[in-house]
Amino acid sequence: MAYFRIEYYSNALRRETSFEVMIPNDPRPGMPDPSEGRPMRTLFLLHGFTGKAGNYVPPDLPAKYNFAIVMPSAENSFYLNGLSTGHAFQTLVGEELVDYVRKTFRLAVKPEDTCIAGLSMGGFGALHTGLAYPRTFSKIGAMSSAFIVHEVAAMQPGGGNDIANYDFFRECFGEPSQVEASDNNPETLVRKLKAAGEKIPEIYLACGTEDFLIENNREMHRFLEAEGIPHEYHEAPGTHDMVFWAEHIQKIVRWMFE
Amino acid sequence: MAYFRIEYYSNALRRETSFEVMIPNDPRPGMPDPSEGRPMRTLFLLHGFTGKAGNYVPPDLPAKYNFAIVMPSAENSFYLNGLSTGHAFQTLVGEELVDYVRKTFRLAVKPEDTCIAGLSMGGFGALHTGLAYPRTFSKIGAMSSAFIVHEVAAMQPGGGNDIANYDFFRECFGEPSQVEASDNNPETLVRKLKAAGEKIPEIYLACGTEDFLIENNREMHRFLEAEGIPHEYHEAPGTHDMVFWAEHIQKIVRWMFE
Amino acid sequence: MAYFRIEYYSNALRRETSFEVMIPNDPRPGMPDPSEGRPMRTLFLLHGFTGKAGNYVPPDLPAKYNFAIVMPSAENSFYLNGLSTGHAFQTLVGEELVDYVRKTFRLAVKPEDTCIAGLSMGGFGALHTGLAYPRTFSKIGAMSSAFIVHEVAAMQPGGGNDIANYDFFRECFGEPSQVEASDNNPETLVRKLKAAGEKIPEIYLACGTEDFLIENNREMHRFLEAEGIPHEYHEAPGTHDMVFWAEHIQKIVRWMFE
Amino acid sequence: MAYFRIEYYSNALRRETSFEVMIPNDPRPGMPDPSEGRPMRTLFLLHGFTGKAGNYVPPDLPAKYNFAIVMPSAENSFYLNGLSTGHAFQTLVGEELVDYVRKTFRLAVKPEDTCIAGLSMGGFGALHTGLAYPRTFSKIGAMSSAFIVHEVAAMQPGGGNDIANYDFFRECFGEPSQVEASDNNPETLVRKLKAAGEKIPEIYLACGTEDFLIENNREMHRFLEAEGIPHEYHEAPGTHDMVFWAEHIQKIVRWMFE
């Protein structure tokens, strides 16, 4: 599988940055080229808190299901447009990179060929970005997701949590007191899309029953049920680690591309 | 000249990041290895606003003067410790990377063998970081430096400038109303070092007479004169571009290492 | 200018390898995107002996003239198909990479939009590859070219020259006694194209008058004149170094794309 | 675990090349730094035919056992010094890289802290290189090794096998008719070391019972037994794939460093 590291000037970040792409279009001798005859689909794959661009899809699946993987590096941004100039990570992933990848690479451009998935902070990012751009992404996969908006909403100046201080969360999510009503809350986006009669991307949530975020995921599941949004919801034994993610990214990829 | 791209977990940033190093220890046949017999010195080289790790020292000089180049990527941080968790770019460059480079590579570790230089935002960063860690760096080179503390100090909520908004500057520099008195102001550091009788690194400032930052640099020059801090100050025809920097980084490198 | 490092499986080399691409499609704010409205052209840019993929085109020219740069790493192969399995560097550059780049990136695919240039060993490679694939490349730029076929032809087992031994040249060029008549000799390709009535790409040769390869370049110039092949031929003061190449790659790029 | 990609000029290859290093010296908060207090050991890790530098050691083991991984890219060279100038891959791995890594990084330099392992072509390379430099490496791990010297010895001009042609094998191994007696044959090295009374590195061989190379590995095992060389030899169900290697590199690493 061909691997691309790309350095470019990001207008969303106002600076040079990098991202990575994997395209299974370099088959070994005797193997078929999955990119032949049909445009290759794309999976935007989001990393978690403290991470960076990297692949955690099993390496045989992209060729098997004919899709490329686009891996942004979004720092610890929660994939949101923060308050500061150049902190526009929602725009980076949901607009700029989508456009840049499509104008640069010969990949499929239709929403039905464009999916987004992530783990932990990237699970939050996948659901939020997918809902923020429902005409761009048709399917969303979110594992062990950091659905922490309600926790952020309760934060006070000088506060924070074990992960980061109040200033950090305010910078990422905006004023905590306003975050629940804001577009940084995936629930707000769901309600707006429903009200506008917009098509909502298909959603697949998965979380381990021992994960410290299990209650946050159950809450999102109940919210989607209450709103009447069809979605897959899967709990399984496991915790917040690569063992769980290695198994469930496979299931998500099959659900997306099979 | 050997080139290293390093990805590692940064505790200062609370996430995986990267930096670059160049070490002239792979001489072509018939050429001497400058690293033989004496430990190689280090130049921490800082990029400007919108940039990232990259070299702008002429490629023949490191071998000639026996020094390695360490190039952090510090985003648009002004090389300061911002308000948010994980925005500790001063710590990144002045402590974490210095320590990491020294424990990882067989390079010289003494202050007299450790210098720091930069351009524009990186010129500010070089002076500020050098003054914040005067027992780490012995020489500072700052070109076309963004000495903008007094401009930041005057900013009001909702304000900002052509470059970025108020939230951006507050995140980087802290509360604008307090920045002049804070350690984010290089002038504060100079005064504290003087008061404490600490040795101040040697300083070389250069700016083009057509540079939009020329008055800011003249102001810093006058401040250092008024404080009785010996330093080199050079103005020359030129503007805020690579033509000026290519010429003056040569002069700075010779001043540092010849 | 966006920079791509690509790792992929090369069927020509029978192993994983890498190449680099620069595409000026990430303009800074306020600058035009040269890739808009017209497909971007491509320059295959070849390195010299002891080198690897790298750019020596001035960074402002690709955006100005709307072209991407593709930089293969071809080791010390002279861009020829050697005797050994997996030593197919002519195929790598002239077929595989051309195809791979065209199927992967949204770049122009017509011969009139596809050029090739190189320096030293890469100058030989540019002329040879361009002539071997005259329906792929429309323009050839060759600087300070290592036109050494006649020297190789005279080599005997156990011999060689200051650069490499007999086995090396035999591996790259095939049996020395047969190289002049073979397709590894650019002159052979010229004669065959003439005989077949094939269109020959436009050719630009440049060499410094102090270059140790000047006589080889004069000889190629005389050969092309004798064969009635129209071409640009430029001598100028200079030697086998980046000073000469930095100046003349500019002239070649303007000649190709202006 | 910190990851280094290094581009440098290789005198063994007579050109610029690259290699990779992983050093577990960037622990996450709360984790110990294994490099503290004791010098970190090194494992030279060799890739197989068609491959390039890459890690296949489970990512938790280097920190656990305090070792860095050095990953050369040796193309399809069988880690031997070929006939051509610049094809000196034995020298590259066994001398140049060992020296370069030791002079560049603060890692352990003693033989007892220096090991070498590989798979397939890299298994051959590990055994051959380890035996060629018995004062550099103290332990050798070779999985599914391509012990093909006797097959090469039987090759005739115009011949070859499914993998590559005669010229390829001659270039890598030297004249086939002479290879068995040459230092490119690990058996020759064993006999010479025995005769000289030199210490032979400890050896660990592993091969899957379904591997197409199983007989070649059994043959090497019998040879070592016949010569009275103590060694570990392990067969287990499995074939020539990552499933086998992922399991057995763990065992080799534990054997080397526990």
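Each chain gets a letter, A, B, C and D, in the order it is written, and its residues are counted from 1.
The definition used in the following text is that a residue touches a chain if its C-beta (ideal position, glycine included) is under 8 Å from a C-beta of that chain, and two chains touch if they have at least 3 such contacts.
Keep in mind that this is a model prediction, so the values were computed, not measured.
A.B. asks: Which neighbours do chain C and chain D have in common?
C.D. replies: Chains that touch both chain C and chain D, as defined above, do not exist here.
A.B. asks: Calculate how many whole Å lie between the centre of chain A and the centre of chain C, each centre taken as the average of the chain's C-alpha atoms.
C.D. replies: That pair's centroid distance is 42 Å.
A.B. asks: Mind checking the centre-to-centre distance between chain A and chain D? Centres are C-alpha means, answer in whole Å.
C.D. replies: 40
A.B. asks: Roughly how far is chain A from chain B, going centre to centre by Cα mean, in whole Å?
C.D. replies: Each chain reduced to its C-alpha mean, chain A and chain B end up 35 Å apart.
A.B. asks: Taking each residue of chain C in turn, which ones touch at least two of the other chains?
C.D. replies: Each of 7, 9, 28, 50 in chain C touches at least two other chains.
A.B. asks: Pairs of chains that touch, anyone?
C.D. replies: Contacting pairs: A-B, A-C, B-D, C-D.
A.B. asks: Would you mind writing out the residues of chain C in touch with chain D in their complex?
C.D. replies: The contact residues of chain C facing chain D are 7, 9, 13-17, 49-52, 75-76, 83-87, 160, 163-165, 167-168, 171.
A.B. asks: In the complex formed with chain A, which residues of chain C make contact?
C.D. replies: Residues 2-11, 23, 25-29, 35, 100, 103-106.
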